[in-house]
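Read through the structures below before going on.
Both of the next two complexes hold chain A, though its partner changes from chain B to chain C.
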Partner chain A sequence: MQVLITIVSLGVFCLLAEIFNLRKLLVPVTVIGLLAILGISLNLWAIDPSIDSNYASMIAVDKFSNAFNSLFIVLTIFLVALSGDFYKEHQTKISDFIAIKVFLLAGAVAMVSFSNLAMFFLGIEVLSISLYVLAASKRLDIKSNEAGMKYFLLGSFASGIILFGICLIYGATGYFNVAEIKDLSSGAGIPVWFPIGMVLMIIGMLFKIAAAPFHFWAPDVYEGSPSITTATMSTLAKVVAMATLYKLLSGLSSELIPTFEMVIVVVSILSMTIGNIMALRQDNVKRMLAFSGISHAGFMLMAILSLSTAAGTLLYYTAAYALAGIASFAVIIAVTRDSGNELTENFNGLGKSNPLLAAVLTASLLSMAGIPIFSGFFAKFMLFSDAIKAGYLFLVIVGVINSIISVGYYFKLILAMYTKEASAEKPAVPAVYYLVAVSAIVLNIALGLYPSLVMNLLN
Partner chain B sequence: MNNILNQIGIENYIFLSVLLFCIGVFGVLYRRNAIIVFMSIEIMLNAVNLLFVAFSTYHQDAEGQVFVFFSMAVAAAEVAVGLAILVSVFRNLGSIDIDNLKNLKG
Partner chain C sequence: MDVTTILLLLLIGSIATFFAGDKLASKVALIFSLGALGLSLYLLNLLNQGANISYIGEWMSSPKVSLAFKADGLSMAMVLLTTALTPLIVFSSFGNSFNNSKNFYALVLFMSFAMVGTFLAVDGLLYYIFWELALIPIYFIALIWGNGDAEDRKKAVVKFFIYTLGGSLFMLIAFAYLYSKAGSFLIGDLYQLELTGTEEFWIFLAFFLAYAIKIPIIPFHTWQAKVYQKAPTVGTMLLSGIMLKMGLYSVIRWQLPIAPSAAKAYMPILIGLSIAGVIYGSIVALRQKDLKKLLAYSSLAHVGLIAAGCYTLTLDGLSGVVSQMIAHGFVIVGLFFAAEVIFRRYETRTIADLGGIRSQTPQFTSMFMILVLASVALPGTFNFVGEFTVLYSLSQVNIWYAVLGGTTIILGAYYMLKMFQNVMLGETNTKVFAEVTTNEAITFVAIIAFLLFFGLYPKPIVDLVTPSLNEILAVINK
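So, the complex of A and B:
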């Protein structure tokens, strides 16, 4: 709860900074504030994981929520650091952009630490509404408008479905409190509304994760939004939605029924395959990463299949994926900030003109593809071994084949950087992009070298 | 109040809400005017609010009615953002037909 309160106060501070004319200081102060909040969140580690009853049991601070909160705060620090330069043309609005990002983090924290469905619903709405604003924030660009509109329509449609699910669960049990619902859900004589409500809620969450067959909005929205918003959606928002789905399923029902496991297997296979096959024929980098995100959603869904033990693996996979995503987006924003589009041609010859950025982008793409040394490999390895232990050999075979396919489109970009000639001279890149890109990839490699750092946190 | 609910039966409230919800869903899927799509989303959310209140009386529990306040506030915030996006779309395109939004493809 302290984390949530401090994040919201930081957001209010960002809005007030506009009045007191502190725009120049805003980004550094927000980053320092977020680092302090990260400290608070890590400090709560030692606390007894019982439900905090002082807040009408709305928020449960346990190891799971604490670990994911810390990950979200780290991602937001990177995103806020990048926004300083990204919005330098819009100095008068910068406090709004930063404040929206901080409130988005508040929504994310509420989503993984809920112990009452009201908190879950409010968190998901705070997160989504902030993202609708950010997606449409390039007001004069028709593509950004279109992305915002599409995201808004499908996002609020999904919210409606989630709300209907919550309502049916309330009708079946008479409680919004997750612990009480779990007690009642295992008992006999629960009305048929309960499973229907669960299914509706899961469908809504799959919309938010962008897993196939609910993925069709993602490529358009990712391509049209401003690049920094795309980075937020593909790293922070996806990781938040995945962690929430995991917490929702493990919190509300004691075990999954076999039919439902079959559905998760099918959704996972579909997302991996559709995402990877469609990514092969994209020439826009943002669109390619959108499809790559869909296939990663398929991989992450494997963690749902071993619900009681996979929390550590899910944390590791999401951390590896999100850090690689931040590093690659820092490079993509740095390279395409003056060109107005994100086609692969922009990256031609980057290996010669800017070797450091090219190396970071290569490393992050290799991590996403799952090549050893980088944490992406160990993340996939542990996910697959969990799935084999749970008895899903076929799923793992499909996953391995998909990892091989994914190397194809990641290498398309890497080859463009190192084998083609640059068409135009690139202007100098501000230092903040180097800082963010290098620190994200260093964290990623550190996770790859010491997987036990994260894996043992939740066991 | 509980007496009326007993006479009508909770099932009928559920049927009514599902019916309203489906009207909203089909409105979102088939109408092309953005304002009407927004109204359909509102119908979906309000169908759920109706069911919340019915369940709240059914369980003799005030929590459901409190949740309706939350969901109404959220729906208002959501539609305010949606209308702002719609205004900027209208300024750029001169129309609010969502079929015109097809610059992003691939």
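So, the complex of A and C:
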């Protein structure tokens, strides 16, 4: 709870900074504040997992939520650090944008720390509404408006479905409280509303993580939104939604029924395959990463199949994926900030004109493709070995074939960087991009060299 | 002192080369690779004295992965092949100039590091990581510093990458499955697993995909010739001299002992496919117009015979395989270097444009001739020892395998000598062929000396690998 309160206070501070004319200091101060909150969050690690009864059992501080909260805070630090330069043309609004990002983090923290479905819904709404605003934040750009509108309409529909699901679960059990619902769900005589409610909630969450067949919004919204918002959506928001889905399922019922597992398998296969095949055809980098994100959602869904043991794997996969995503978006924003579009052509000859950024982007793409020593490899490997243990060899084979396909489009970008000639002179890039890109990829590689750092946290 | 020092030295060498700058890069790379050679000879000496130079340490607790490097005769032989060829390959490139040479030589050393790691690792996941790591440097070496049309090259290199990565990923599934059974990746634990027939079949198949693509065995060879042709000569040497031996070594170390009954049950198919590669490679080599492509197909034929030797599951077969791997590694590096020497002077690799070189440079001609003869396994060269032992083991399994496999010698002699005739002999070429430089001569002499010495006295190598091969055979026949 301390984490949530401090984050919200920081958000309020960001709003106030506008009044006190602290624009210049805003980004560094927010980053420092977030670092302090990260410290608080890590400090809670030693505390026994217990439900904080002071807040009407709304928030559960356990290792799962703590670990994911820390990951979210790290990601937000990177995103806020990038915002400083990204919004430098919009100085009058910068405090709003930063504040929205901090509030978004508050929503994310509420989503993985809930012990009451009301808190869960609050979290998801805070997160989603922040994202709608950010998606449409390039006010004069028609594409950004379209993205925001599309995301808002479809997203609020999904929220409605989730709310409906929560109502049905309440009707079936009489509780919003997760622990009580779990007790009742394993007993006999649970009304049919309960599974229906679960399914509705899960559909809503699948929409939020952009898993096929609920993925149609993702490419358009990713492409239309300002790049920094796309980075937020594809790293932070996706990871949050995935962790929440895992927590929902493991929190509400002790294990999945076989029919339901089958549905997850099908959704996972569909997401991987559709995401990868569509990504092959894209020449816009943001769209390509949107589809790649869909396929990664498919991979992450594999973790749901071994609910009781896969928390560590999911944390590792999400961390690996999100860090690679941050590193690649830092480079993408740096390269395309003056060109007005994100076509692959912008990256031609980057290997010569800016070897460091090209190397970082290559490393992050290799990580996403699952090539060893980058953490993406271990993430995939652990997911696969969990799925094999759970008896889903077939799913793993589909996953492997998809990994091979994914090399096709990740390497398209690498080829462009190293084999094509640059068309125009590239302007200098501010140091903050180097800083974010390099530190994200270094973290990624560190996780690859010492997977135990993260893997053992939740076991 | 244990084998990790070689790995560390090569890794540090790679980093040092990168920071040495473009001017010094090649020299720094040479120094470090020579250092690695000296170190591995020293460690070999320790091993022969009975010292324990293996290393095992914890890496991760869940999944349980150890940093396990085992040095027995077999892996030391392969490590020595790598560390002996790397300085040769680096040295052979002194006559070329590369853009960004610090990156180039750093990648070469990094690849050498990854290959040494593959030969030493005895923990499944660690081995897999080194196996994959070796792929990234060669991808960039071939892509950035390759020759020919960029679009063509891109296609060939990407195909190679996706092909090999795809095969390897199936091996990864096999490892994940084995881990779920054994609870460990250590090779000793995997050897002891009792698998059912079906399980063995699928695991064997998954390994086979990875290795058949890397070696390559027909019908997984389609990436090979184009990549050999398009890659810079250094890359081709690394690929054909060392990297494809990773596949053959892995068959002996991992595939056969883990799934022995599948290997026995499918022996005719496996040997048949390998020998098909011998005949196919030889026939296609006959019709090649490009010198590098001809050598690529000749390599396909030779490697097919080596693979056939692996699947005989006899001591003779395996020991012949190791000898032939080493011999082929040296001879193919020499031959590709000869092609490079010609290219440096005539700027072409098309056989029809060559000819009439002999009268201008008898020194180069004789060295090239010895390499050609070694490649067709003339008695007295190390290749003869290897090829003969493999053919002998094939004849023990079935005489027809030996007869068909033996065509590699006959056809090989035909296309290699025909190539030699077209390239070197004939009327004096109008273009001047400069005499080989000292650096070039040193490379040739080193290779030839090695091949002749061990051709006449192969005992050290055979003695080195036999105990470890016996251990592996004991697992296969348990």
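Just so we're on the same page, the second predicted complex is superposed on the first by the 459 of 459 C-alpha atoms of A that agree within 3 Å, B and C clash if a C-alpha of one lies under 4 Å from a C-alpha of the other, contacts with A are read in each partner's own complex, and residues count from 1 in each chain.
By our rule, contacts are C-beta pairs under 8 Å (C-beta built on N, C-alpha and C of every residue); 3 or more make two chains touch, one makes a residue touch a chain.
All values reported here derive from a predicted model rather than from experimental measurement.
Asker: Sticking to the clash and touch definitions up top, decide whether chain B and chain C on chain A clash or fit.
Answerer: fit
Asker: Just to be sure I read the superposition right, which of the two partners does A:Leu366 touch: chain B = first, chain C = second, or both, or neither?
Answerer: In the superposed model, A:Leu366 contacts chain C only, not chain B.
Asker: Check whether A:Thr419 is in contact with chain B, with chain C, with both or with neither, and answer first, second, both or neither.
Answerer: second
Asker: Counting residues of chain A in contact, which comes out ahead: chain B or chain C?
Answerer: Answer, by number of touched residues of chain A: B.
Asker: Which holds for A:Trp193: it touches chain B only (first), chain C only (second), both, or neither?
Answerer: It touches chain B, and chain C stays clear.
Asker: Per the contact definition in the header, classify A:Ser385: touching chain B only (first), chain C only (second), both, or neither.
Answerer: In the superposition, A:Ser385 touches chain C alone.
Asker: In the overlaid three-chain picture, which partner chain does A:Gln282 touch, first (chain B) or second (chain C), both, or neither?
Answerer: In the superposition, A:Gln282 touches chain B alone.
Asker: With both complexes superposed on chain A, which partner does A:Glu125 reach: first (chain B), second (chain C), both or neither?
Answerer: first
Asker: With both complexes superposed on chain A, which partner does A:Ala147 reach: first (chain B), second (chain C), both or neither?
Answerer: first
Asker: Could you state the shortest Cα distance, in Å, between chain B and chain C after the structures are superposed?
Answerer: Comparing every C-alpha of chain B with every C-alpha of chain C, the smallest gap is 25 Å.
Asker: Under the contact rule defined above, give the chain A residues that sit at the interface with chain B and also at the interface with chain C.
Answerer: The overlap between the chain B and chain C interfaces on chain A is empty, containing no residue.
Asker: Please give the residue numbers of chain A that touch chain B in the complex, ascending.
Answerer: Interface residues on chain A, with respect to chain B: 118, 121-122, 125, 129, 132-133, 136, 139-140, 142-143, 145-150, 152-153, 156-157, 159-160, 163-164, 166-168, 170-171, 174-176, 193, 219-220, 223-224, 282, 284, 287.
Asker: What part of chain A is in contact with chain C in the complex they form?
Answerer: 312, 351, 366, 371-373, 377, 381-382, 384-385, 388-389, 393, 396-397, 400-401, 403-404, 407-408, 411, 415, 418-419, 450-452, 455-456, 459
Asker: Given the complex with chain A, which residues does chain C contribute to the contact?
Answerer: 59-63, 125, 128-129, 132-133, 135-136, 140, 143-144, 150, 154, 158, 161-162, 165-166, 169-170, 172-173, 176-177, 179-180
Asker: Looking at the complex, which residues from chain B come into contact with chain A?
Answerer: 10, 14, 17, 21, 24-25, 28, 34, 37, 41, 44-45, 47-48, 51-52, 55, 58-59, 61, 63-64, 66-67, 70-71, 74, 77-78, 81-82, 84-86, 88-89, 92-93, 98, 101-106
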